[in-house]
Amino acid sequence: MNFAIVVHGGPYSSQACLSALKFAKAVLASGHSINRVFFYHDGVYTANSLIAPPQDEAPVSRQWQEFGTGNKIELIACIASCLRRGILDETEAGRYEKSGSNIAPGFTISGLGQLIDASINADRVVTFGV
Amino acid sequence: MSSMLFVFSRPPHGSINAQEGLDALLMGSAFTACSVLFVGDGVLQLVTGQSTDALGTKNFSLSFGALKDYGVTRIACSMPDLLARGLHKSDFLIEVEPLDAAGMQALIRHHDKVLNF
Amino acid sequence: MILHTINKVAGLALCQHLIAADDKVVLLEDGVYLGLQPLAFSICAIRLDVEARGLVGRLKEPVELIDYSDFVSLCTEADKICSWF
Amino acid sequence: MILHTINKVAGLALCQHLIAADDKVVLLEDGVYLGLQPLAFSICAIRLDVEARGLVGRLKEPVELIDYSDFVSLCTEADKICSWF
Amino acid sequence: MSSMLFVFSRPPHGSINAQEGLDALLMGSAFTACSVLFVGDGVLQLVTGQSTDALGTKNFSLSFGALKDYGVTRIACSMPDLLARGLHKSDFLIEVEPLDAAGMQALIRHHDKVLNF
Amino acid sequence: MNFAIVVHGGPYSSQACLSALKFAKAVLASGHSINRVFFYHDGVYTANSLIAPPQDEAPVSRQWQEFGTGNKIELIACIASCLRRGILDETEAGRYEKSGSNIAPGFTISGLGQLIDASINADRVVTFGV
């Protein structure tokens, strides 16, 4: 079966981000697939490349990066949520004349249509909310 | 094509969540058959007379009037949650169908995917 | 006098036992929805937040609408401020 | 069968009228605290979250502890998933 | 020198707030007289047997044992909120003083500043 | 009178950040002073220089920057909260070998002691929570 996963919470501020990762790993381990993970609301904070967590806390943002790139799973951060919260790729940083970008490797900034597309086309959609 | 039910459960203005939920519904209705169900404090999004001029934030409640134009199939709310807040459907900006428990369960059953905001 | 602020409906459950007879309460943000229900103490609510939510005329008496300068005055009159959220 | 997930105590108020007789409920994150109170339906709770909160042995019967692979299986058995938060 | 009362009202683990509150209390106790009051779901921070090994997050509940060493003056909780959750002070990791409404109001009155987390 | 203000919520995700700003302006307008504004928890997201809000939404982060610099008010973002959430100044970016910094002008990253110090020394402390 094919899953879409939606994440509304950012690292540490909410457990949603960590629960969704554990769920996503279990989906693949059970032989199912994931069509897309969509980060919305504060979930886009997961895509911030500048996070430097303490040694004794799970580096959930980096774990998502590794999960996405290692398994070739699309990790999409909603562009409207990103702009409001200061998560930018090089294109957006240029457009808004900002000093730099901070999107983490493995994440892509894209539109809300990707949430709808993923939800429509997946067999199951599961949201991890705040 | 999957039909989608959007569930709105947050009050407006205290966070951007309600507004970002509405954005998702409007986007969804461009692609497929969508309905919306307001539950819990989400029913407060619909109250008439919201004015954010002095607060300086966006009065996104004005966009609810466009739901019909966007082709949103059913616009419903939880009757128990409406009553619990001392509200009546005449307090609402738009025509909304209050549903009892059985009606809400049927609404969920008749859509393929459910997204909560 | 202690000034209590409440910024969401669920905040009331946290402080209901902690509000003394001569204390004052300011409702702000989503806390202004508490004005829809009868309350055991007299309260003020931030006008901007009441207007944003369409609650002007819908609140139970007695809720006094105040602006931020009134809020600051209440803080100076209070011995301390407790914020419930 | 519809699968409902609840990740905080306040989430129950949102969905209590929406859980049909043959539906299933998974508690996760702070939602596992709901297992401290009697509930009108049978539930599963994510074991990791129960352990983290010191609730092993403190939950009312019947709460079945499950891991994430069980959660995924429940999702595949369900027609759809409703997440309450 | 102002005395400070730290109020903890959030459950542990679901967000970092409880942990960041404890960090603030430990810092505060290095500078001035501090007490702590657990209210609402904050009382759940104190439950024995928390094990986050499998979850992979920090088990900060172990740090509560250090509150006495840090010189925290009074460690109290809301008795009504304790009872409402079916808990007893014997469920707690450390010795905590359950207070009724009058006791909590006095605790607030006797500190100069109150910080809620 | 002298106020300390504590902010727990980030822009848009919570109204706390906007309410605190309106309160801070009213404090000064009433002839009182502010010894420090301390951003804790998600409040530190206010200090992100990369935020690019839509035209029709209050640019609350930039309004804080202008308020702080214009009135010479210390805006402190808690370092532990910042590291977990990816808000870095140049020093921290260097220490953690990150590609760049994203602290907005007018904000300073510092320790939790600044919260305690501000609370002890102010006549009144007010928290805007989430």
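When the chains are written out, they are named A, B, C, D, E and F in that same order, and each has its own residue count from 1.
Operating definition for what follows: contacts are C-beta pairs under 8 Å (C-beta built on N, C-alpha and C of every residue); 3 or more make two chains touch, one makes a residue touch a chain.
Note that the structure is predicted; figures quoted are calculated from it, not measured.
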item: For subunit B and subunit D, chains touching each; value: A
item: Leader among chain pairs (count of C-beta contacts); value: A-F
item: Distance from subunit B to subunit A - Cα centre to Cα centre, in angstrom; value: 25
item: Rounded Å distance, subunit A centre to subunit E centre (Cα mean); value: 33
item: Distance between chain centroids, defined by C-alpha means - subunit A, subunit C (Å); value: 38
item: Two or more partner chains touched - positions in subunit F; value: 8, 12-13, 15, 41, 54, 57, 80, 84, 125, 127, 129
item: Contacts with two or more other chains, residues of subunit D listed in rising order; value: 7, 29-30, 48, 80-81, 83-85
item: Touching two or more other chains - residue numbers and ranges from subunit E; value: 13-14, 16-17, 55, 57, 113-114, 116
item: Inter-chain touch pairs (all); value: A-B, A-D, A-E, A-F, B-C, B-D, B-F, C-E, C-F, D-E, E-F
item: Contact set on subunit B toward subunit D in their complex; value: 7, 9, 39-40, 78, 80, 100-101, 104-105, 108-109, 111-114, 116
item: Subunit A - residues contacting subunit B, complex; value: 6, 8, 40-41, 80-81, 84, 111-113, 115-117, 119-122, 125, 127, 129
item: Subunit F residues touching subunit C - in the complex, by the definition given at the top; value: 1, 3, 8, 15-16, 19, 22-23, 25-27, 29-30, 32, 123-130
item: Of subunit C, residues touching subunit F in the complex; value: 5, 7, 28-30, 46, 48, 67-69, 71-73, 75-76, 78, 80-81, 83-85
item: Of subunit D, residues touching subunit B in the complex; value: 2, 13-15, 17-18, 20, 79-85
